[in-house]
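Mind looking over this structure? Questions follow.
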Amino acid sequence: MSNTIEKLKASRYYGLVLLGAMLLFFYGVFKILTPSNFGSLSNLYTYLQASIIYSVGGCGLYFIVVMGLFDFAVGANIVLSSIVGVILSQKFGYAGFILGCLGCGTLIGFLIGMLYNSLNVPSMIVTVGLMLIFESVAVFVAGGVKQTLGENLRFFSGAPGNIILALLAFLLMYFILNYTKIGTYCNAIGSNEFTAKNMGINVKKYKLIGFMLLHFFVGIMAILTVSYGTTMTALTGMSTMGRNFQPLMGTFFGVAFRKYKMPITAIVVGEFIIQIIFNGFVALGAPTTIQNVVTGGALLVIVSLTARGGKGSVVK
Amino acid sequence: MSNTVKKDQEPSKLRSFLSSDTFKGLLPFIGLVVIVVVMNILTQGKILTPKRLRLLLSQVYYPMIVATGVFFVMTLGSIDFTEGSTLGLASIVISKLSFTSIPLAILGGILTGAAIGAINGFFHVKFKLQSFIITICTMFLFRGVCAYLTTETAVPASAAIKALDQNWLKITITVAVLLVAWFLFRFTRIGNDVKAVGSGETAARFSGVKTDRVKFLTFVAAGALTGLAAFVNVIKVGSITATAGNQLETQILISLVLGGLPITGGAKVRFSNIIVGTLMYTVLNNGLVMMGFESQTQQLIKGVIFLLFVALTIDRKALKVIK
Amino acid sequence: MENRVLLVAENIDKRFGITHAVDNVSLTINAGEVRGLIGENGSGKSTFSQMLCGIYSIGGGTFTLDGKVLHCRNQVEANNEGVAIIVQEMGTLSGLTVAENIFLGHEEPFMHLGVKDTRAMNKEAQRLLDEYGFGRIKAGNMIDLYNFEDRKLVEIVKATYMKPKILVIDETTTALSQNGRMELYKIMDAIRADGRTVIFISHDLNEVLTHTDTVSVLRDGEYIATVNTRDVTEDDLKRLMVGREIGSAYYRTDYGEPISGEVVLSVRDVSVPGQIDHVSFELHRGEILGFGGLSECGMHEVGKAIFAASWDRTGSVTLADGTEINSIPTAIAHSIAYASKDRDNESVILNESIRNNIVLPSLGDLANHGLLSGKKLTKFAEKHALDMQTKMQNVGQFVSDLSGGNKQKVVLARWLGKGSDILVLDSPTRGIDVKVKQAIYALMADLRRQGKSIIMISEEIPELLGMADRIIIMKDGVLNGEFLRDPALSEEDLIAKMV
């Protein structure tokens, strides 16, 4: 009997059911509390469109987080890459926009990875410093003015453009995780760096690849973000910090559901759940400033459930 | 397998000096002098005028009080990102209570800070979650609460509390905080315990240090000190907006790193890190402003200096695997 | 058995700091041979084989396999040369699927232009698992879903599917149930039948006798002998493993002193899940109580349990006056000291000064109304460090600079400074050179005479025989035998209770 339960728990369907139950639970709670202005089909469609943007970033962060690393420069790079993309789009149209965002994104990832590898300083610290730097670079690049995406370049602003691009990103993620060595090696490095090294894995190289992949996805996220909002303003003063956490929440879902072999589904559904909670509160009449409270609270609950250290482990 | 690392290459003399503890210990002082001299030259001596110095000093008080608390947290090897939102929330509490009674307001501010610290400490210790993740979560949470409380208008403080905006009072509070903290750090077992947890938590536990309690209380104390700093902030600014305390956490982190505090914490921290670091940051900040740099240029320079100092002061031996 | 030489090890050498782990070992192994490699804990057999497999760098000498000199920098390179190992510890990685684990570092056959054919990889992994008879393990599943034994089986597949010329099995059988062992023996037989070679490391001499062709014995890092399995008995092997001079001025020389009847500490029904099971014993005043057994027998956990440092401990540890020891601070306050086997993590704070290491548990006593004086602390630390003859520049020196022996002296100085009456010393002379060892033994004898009680947990049998008034042997988490101090007591007597 207990054996069948164990087996059931091990199957990926158990993970799916778990995710589905969470989704239904939060949807149900808010639907009961405010039946009229929450959770209609068109509402849900809106929540979904917002959530997939974060899911894309969540996918990228997955590579870094499974290795036990961290990146605070994601937000800064979203801003920087989208500004570069918008500026290039003014000359080269869609090609400039897309390649600008993706190219700038990946280049930043390369810089972060190289600097992390050569400085030998925890990733969290390096990326805090780089966040400051990239934020100011973004202001320089933008020339201190608000950058607006041209009217003729709004394919990704709404459905189906945004959904198509996000789906492509998820497919790419699925491909990398399942059909290249990168996914395997990132997991191996995260599990035990010494053993991984011993198995002939070039740890530094794969950490660099991890940062580059993350920021390639950040580039995609930049396309979606600036298309969704149509403008982007570069600001200094750690104003991009907040942009780090929405993708991160999805990533934590992904890591938590890794054992069911469905990180991408978990990231996407997780982000959707967060959107439901946030919009549920708004529907209840809470001001939009509540978003930070929801973000912080939800992240706290998620990490408490998923990222706990074992007994006797030293946690700093 | 550290034993497979090749150790036979002799490092050059300069390199070994650059990585020596003596140099790391001196670096902040050298840095402070260099920055003061450089800024003085670049601003054509304007930074050392009495008027400027007074202004400089007025910017030092509350960051120094906050940095004192964070210093203890970072000595543990942990990190705290909640100072900004704690300062904001505590300032709101103080402002609201200042209409009833000023001592009550101060107490309310300290308790607010301590409560946030307790939440951080609880999650950190009980759930064994990394402090930077926890404090980022709570930072967001309380930033949101601040924004919520200041959605309509800024929160004003009473005239009585604003009347306390006297330099002597602020100096007294700051100096008192530093003295008490220094005393606790040097002459009671608190300092030893906190350092021991930072250098080797497991061994400290096996030597009878109540590691969980030490960690929890350190976070509470850091919160409480930020709450006290909020009082100094309120008497200075008089009304609290949603941006109160914005970025304070980065400012403190950069200050302490500039002051030579190794990010790994432990035995190599010096109490002077707080003072040197806060002064250095303030001089740097003011100098950059006076030289007419735009805010983005200032931030760029700060970011570069921060990374440079981390790379120079970090104790890589204390990190087994660098994550 | 063919008579073709497969592996030649010439003058293999390895030092870890001052410990000479492998001392100039030379041996040859033929193709189609199962070679047992035995020796006591710390005899260098694991280090020797891990150098062969690229896990440790080779300190000196050469391995020549099939006429080719090996220079493996990691396991994958060793695999490619035809050498594979199943390690003592967990060798599989969490967060990866079973198939990914099996082919980690060997993905090339499944890569086409950078694209990994996951289906083919899973299929091949499943085929291998089925072939080995481990079909219930599914190649596509996360390794995290399987227990320790199944993960070991996956490791067996990982190490052997590529048909290595030499397979090293390093104390794997202890992790396996009877069925799992049978599977492993079958694989060993198959490799032999195939004309390839196995190096089989085990503490279970019975197992070694039944499943090997030849046995090589190491002792204290040195090569002792190689014998044909069918020519020897278990006793012969034991003699070869031990064969050391006991006695001399190294250890205590007194015999026949009665143990005091005064009980200072009683341990009742102490269990730690997965480690020790209902352990009960008493410690007497002025007694050195030795604990022996194999590394994984649970004796190290007993030390932690007494000091209340174990997680999820049940049962009671009580002092003579009825005080229950339930937390480390209580243990220390009631005069219990503990020196861990894991000296660098659990005993000393490496990145801290000698002074602060020594004063740490005594801060409460040294404080005057809660106030500490730096001078007083330094004086206190100096006194106790010098009492122990710690080699140092001054007490401000960081412990990370010290040798293993001097680190241990700092630990002992700390507890003697605290004035502890009950000392729990886990592997007190592990990785320590002879001179310091001698000093530590002398100190223990001295403390015993002062009426202090010592629990000495040790993997070194001569140390137990030489120092303890009473020896408890553990096996699989339970007490398995008790001996009183006696010159007639032999290492064989103890070993018989360990394995």
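Each chain carries a letter (A, B and C) given by its place in the written order, and its residues are counted from 1.
Heads up, the rule we're going with is that a residue touches a chain if its C-beta (ideal position, glycine included) is under 8 Å from a C-beta of that chain, and two chains touch if they have at least 3 such contacts.
Just so it is clear, the model here is predicted, and its values are computed rather than measured.
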item: Overall pattern in which the protein chains touch one another (line/ring/star/complete/other); value: complete
item: Pair joined by the larger number of C-beta contacts - A-B, B-C; value: A-B
item: Approximate Å spacing (C-alpha centroids) for the pair chain B, chain C; value: 44
item: Centroid spacing, where centroids are CA-atom means, of chain A and chain B in whole angstrom; value: 29
item: For chain C, residues that touch 2 or more chains besides their own; value: 55
item: Contacts with two or more other chains, residues of chain B listed in rising order; value: 1, 202
item: Contacts with 2+ other chains: residues of chain A; value: 198, 312
item: Residues of chain B defined as touching chain C within the complex; value: 1, 3-4, 186-189, 192-193, 195-196, 199-200, 202-210, 266-268, 315, 317-318
item: Chain A to chain C touching residues, read off their complex; value: 10, 66, 178-181, 184, 187-188, 190-192, 195-201, 258-261, 311-312
item: Chain C residues touching chain A - in the complex, by the definition given at the top; value: 54-55, 74-77, 91, 93-97, 100, 104-105, 107, 111, 114-118, 140-142, 144-145, 311-312
item: Chain B-touching residues of chain A, taken from the complex the two chains share; value: 67-70, 115, 119-126, 128-133, 135-137, 139-140, 144, 193-194, 198, 236-238, 242, 245, 287, 289-297, 299-300, 303-304, 307-310, 312-316
item: Chain A contact footprint on chain B (complex, rising order); value: 1, 76-79, 123-124, 127-134, 136-145, 147-148, 151, 201-202, 242, 246-247, 250, 253, 263, 265, 294-297, 299-300, 302-304, 306-307, 310-311, 314, 316, 319, 321-323
